[in-house]
């Protein structure tokens, strides 16, 4: 029977930081509160910052009784221990189409912070009010990487990528209803972007978009810096 | 056995002009060249202009030997006899995202012409080059109705509808590949438009978009005129 | 962290009324009660009527304690402040196939009212009892625009559009089960209507259908009136 | 290796006539012309009428050189040897929505004839011209069974079933394009019919609809006759 | 606003009994308890038996306080007033694949009873234990109509239809998980049955299958009886 | 009405052990607690071990009050009476990609134990940390059969099958979100494995994978042993 | 540019025989005739039998001019050089539902032969004629492994697995039309089999089913033999 | 009618190079040979290198008669005029899973070359022969960006991203059959990668992956270089 010892349900990949440039993170969905807490404690003990995504509020509350240094972001549903963060150079703009997309954008922001990067969050810039977006063009062009978050028709990344030379990572969200099919419409739109060079991550995967940005900044920007 | 007499395969709805404001049109797919020719001849004889959509070039050639007054548009794949067109007031802008969307846009243009309306075709205004689109904003605002045709991520109607007060009819096209799923991506995007009041027709249905515009112009514009 | 200031989660597009003919509306899903209340208050202060759709009852109750002038429609799940409505000429018929489609029809009705248009709601006219529908034909023909709401097989707009010359906006609903796939069956049916010139909005999008009707009436009918 | 002997690729179920009321039929797709010819010859030799569906024209031509008594219907793409048909009492109405649906309707007609039943084919009665359909109501009410064939939005069976007390078998066809998804839209519509008691067969399955009607007529009508 | 008067949300089709052979039934989903109760009362007053499907237990309890003569079947989730049932000749076998399919089978049974037909329910005859099914073959062959209910791979109707000459109506159920996709797998299987003449209704639509059987028995069996 | 007697809702296939090598098991979903308890009691009385899958915790608690010898595994959600297990030779490795996949892996383990086979559970070996997997290669090569359980991109079975000569049974799980579509992504990936000879079971079907392993071990391994 | 040297487009995994028990095979689709020929020549030179699947006839003809020892099976569309086959103990039954499924069954047979196993092909045993299948039960029970091939509703493996104790590998085929969706219906049915322990491979993947059988026979049967 | 003048079907976005870092490219599908040739000529005249993707061989041949300096890559189906390429620092590894994925990988290579970047193509490294992949790990770790191309189960990017710190762009291909659904399986797998920070482009979109890499190299690497 699966016991409660860490080795009975998880095998931490502590070498990942060396290989990939960021430590193992914890996908919270489908894990028990005890499992999440135990893995966070272990990562913290190894000197890594610890980040768990998709943690329900009631789990967070329970875990924070044991690990009071863990911070919970109720919008992003992330739990993290920031001890061990090493600040780095590089800036990311996270732009989102509507207020309802903010939780996904927040997941990206928290993940970037854990990896040492500051970022600028630009809310509520849907394409139906294109002037709002155009007024941000200069700000977007100055970012090293842009993460564009949108639900519904998912058009934001196409317009953004036509305005900037930087890498644009598109994050579809489940915002919408009916023929949005929980974000499928936005996902397909982004995969079919007529703007060249947009890349896409899974629906609601603010975390993954941030990790992709971190790969770019860690590997391309800093390797040159050395 | 199905014979060759018109009554054995079709029952024309000649009253449709009175009820709906436009005559019966011919959906060419799945009909034989003989059937198309016979129905066109019959409509012509009744004094209606005749329009057949989705007519393969080889059918068109065969039919035009019998009905030399029929015109074929090889891009739109429409065959029409223009005799009987009654010109009407009202103007429609047909804007499309890319050169590859032109055949669908052309189908809309031909249909509008058959119904008596002139229209302006604005090609190649994809959202990745947003300045091209913005430079047309004034022109679009002057139209009575806008038909916005786009494949791939289908973002064009959302941006257009944020710029104009007029009815915007979105036409997804099959332009794209892979996760476009023959136009499904564009269709879903348009159905999920964050711009309020966009309506949508079937993939590649330039004909249907034109008919919707005709309903608006016939019924709303001219009823006032009376 | 996303703060509670309006600017931290929303950027209102107050110019939209001038550009598009109706003010910004609030998509309630995925927003907090506080966010909805704050945006409504702001729109109201600008002299716009305020409409929020997809507002859960418990949110509505909370918001109405702060904004007692807001009205909640429990079927439509809309919250609105009617102050600022400017009545306009034009009439819309909203017809629906079954009793279970009424909430979506109600969303259309409330939206039309906020935009200044009166409308007639015709309930329970499914195509399986075609005589019920035929008895409404004259009434439908007199409307400027018809909104046809149906779930299950979504056949209503096709039959209606064969009876009237006016624009017909089809709204699929999630009414049904099994192979309805939450309204997909009705959506596909409407997109494939054999009646020329039917346009379609997203599943359960009574709001969007109303906005489309408003575009038609504002732009076509009143431009003539001038 | 699979040889050319019948036993190496087929095992005829000659007892099916006794068990199910009709003999084995030949699904032509995926079989070679030789295999089809050999099975037809065998069925004919046993005194059964032989029917092969989905036979390409070039196969038919080849087979008819060997079996000149086989008749080919190019619309229905059926090949049959009528020897052995036993005429029976009972009448079926086969109604279809558009001219392009005729091939599927024809497949139903040929199958019914092979099973001994006469039938009436009513073409081009789409719901967008509802008066055409209503004018056939009396004729439809007199049929023992109605087979309703439609592509696009597949609304015909719902309206028909609201007019008649008889069993209504709905056959979706692949007529349409785009969001028709090769008949999926019509199939889903028919499965979600708001008219009680409509049953459905596979897309383009005129054959299957006819067999279902034959089961009803053979088993219910004649059992009473005894 | 939609009021509480029957006419404000429903338009009863009381002529349906004459036209179609059975009265209007009530689709309970999406209606309020008050609406269901009021329509049942009205049907009862007209002398029709009243049947509402998909009624949640808490609604049933509330309605039965007002209409104590209404019977609730908690498995089938049907509510009915049996007064007015007219018993008729004809027998239907309802066979189902597994214990978990029983609620759908029960819905068919209750509907048949309301229409005056007795029926035999044969539970738990999945094809993985084919001998259980074969032992029922004689019983099935004696039925006028067979309704075959199955979830998972939906194979039961194919095997049954190979054993009997009677009409076989296939009802897919949502029993299963994962790649069952809430009954889609069973639905597709049944639509592709290799047994000729199987017809299919919507997923979990025991009601519709029963209505189809009623059409067959009412129209074919009794017309002969006269 | 369906009564409470076993025969009214189930027909046990007690001969299955002889025909297939394992007894009938109980699919708990959609059955009442009483039905599950009664079938377990009956199987136990016949000397078979009894296994019910997909049993909700509250049902398990209720059943265990009556059948205290039944064991409940809260991760696997299985209930079983182990009396009657006959231990057999053969060993199975159950490897899974992430901690969140453990419940499905546990269902496989319990099923194997009920059938008399011991097995080794190897947790948390996702392909993103390939060295963790490679370090288990020797252990995997020594197993008679490997069951590989994975959600998300479902890549584990492909890598495993490239390392071992044994049969590899792939079990997709619903672990993931967004474009995982409740396990569909993993299912499709496994069906398209580039490693030759991987077979696949339904999403989350740890039970079925175990049964497949049992067929292999019972029939191939022991037939030789004789 | 990709050159013509083997190393420029392929990296043979010659160690696979040792690791997995069978050599690398050639997936012919998407490769040029030259590439296929070159890889076959190389495998042959290494002493492995060579098998290429999905080879179009015109490629086969071209390749056989260079490699006359290669045999082409036009039904299976396989090309193979049998030199190097090592015959082994063990027998597999390949049963298929209809004549049209034979090409897929043949692919399985050829693959088994290349791996040294004889097998018995049982054609045309669809479940609609269940007696045909039952008459083969004894023969099936004697096989070490059963491969069950079926298109349309894909019911065959469920019935077979209820009759035999051996491993049953289900192969869905694209035989069918309409709602078969090129084999999706059969695939889903097989994944949802109510018979415990059926495993499934990709649509039309006779090759993969054979490889799975080879893994079972190589690893389980012969390991015991030692 | 759409004329032959460039302005009648295209509006070149010549400012794109300044805004986005690369010039407009030509999506060849759906354009005529004349349109492609004319746009290439125009781009060339402006001093931009010209690249057209998805050009059928017969178009290429025709265009090259007019523009002999255009080079055609028959695998990638790209046509390009290299004049104007400006070589840049930075290296990309393009790795692909199988020989059949090479055309997509080639499209990426050609696009990178047009943008001035050299790249290394690593063919045939599928995960079923994991040692082949591991032997390339060092080479992959040295690349600035990795593009991983795979069809079938699409597992390659997950394994690669676990080995390297650089950005990994995943390109699903249509290689496969059946449940690959023309690359959908690989696409979904890649979107669900368990390796953090993988981004994805459309199916078969080697071009888009290259453009994404160019954005990274242009914007991140060279900005540092200054």
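Observations, loosely collected:
We call the chains A, B, C, D, E, F, G and H, going by the order they appear; numbering starts again at 1 in every chain.
Going forward, contacts are C-beta pairs under 8 Å (C-beta built on N, C-alpha and C of every residue); 3 or more make two chains touch, one makes a residue touch a chain.
Just so we're clear, the structure is a prediction, and the values are computed from it rather than from any experiment.
Counting only chains that touch, the fewest steps needed to get from subunit A to subunit E is 2.
Subunit D and subunit E have Cα centroids separated by 26 Å.
A separation of 44 Å divides the Cα centre of subunit C from that of subunit H. Centre-to-centre separation of subunit D and subunit G, using mean CA positions: 35 Å. Residues of subunit D found to touch two or more other chains are 16, 98, 128-129, 161-163, 178-180, 184, 187, 191-192, 195-196, 202.
Contacting chain pairs in the structure are A-B, A-C, A-F, A-H, B-C, B-D, B-H, C-D, C-E, D-E, D-G, E-F, E-G, F-G, F-H, G-H.
Subunit A makes touch with subunit B in their complex at residues 97-98, 126-130, 134, 151-155, 158-159, 161-163, 176, 178-181, 184-186, 188-196.
Note for the complex: subunit G touches subunit H at residues 1-2, 8-11, 13, 15-16, 24, 27, 29-31, 35, 54, 172, 174, 182-184, 187, 202-205.
On subunit E, the positions that touch subunit D within their shared complex are 16, 19-22, 25, 144-145, 161-169, 187, 191-192, 195-202, 207-209, 211-221, 223-225. By the touch criterion stated above, subunit E contacts subunit F in their complex at residues 73, 75, 98-103, 106, 121, 123-125, 128-129, 131-132, 175, 177-180.
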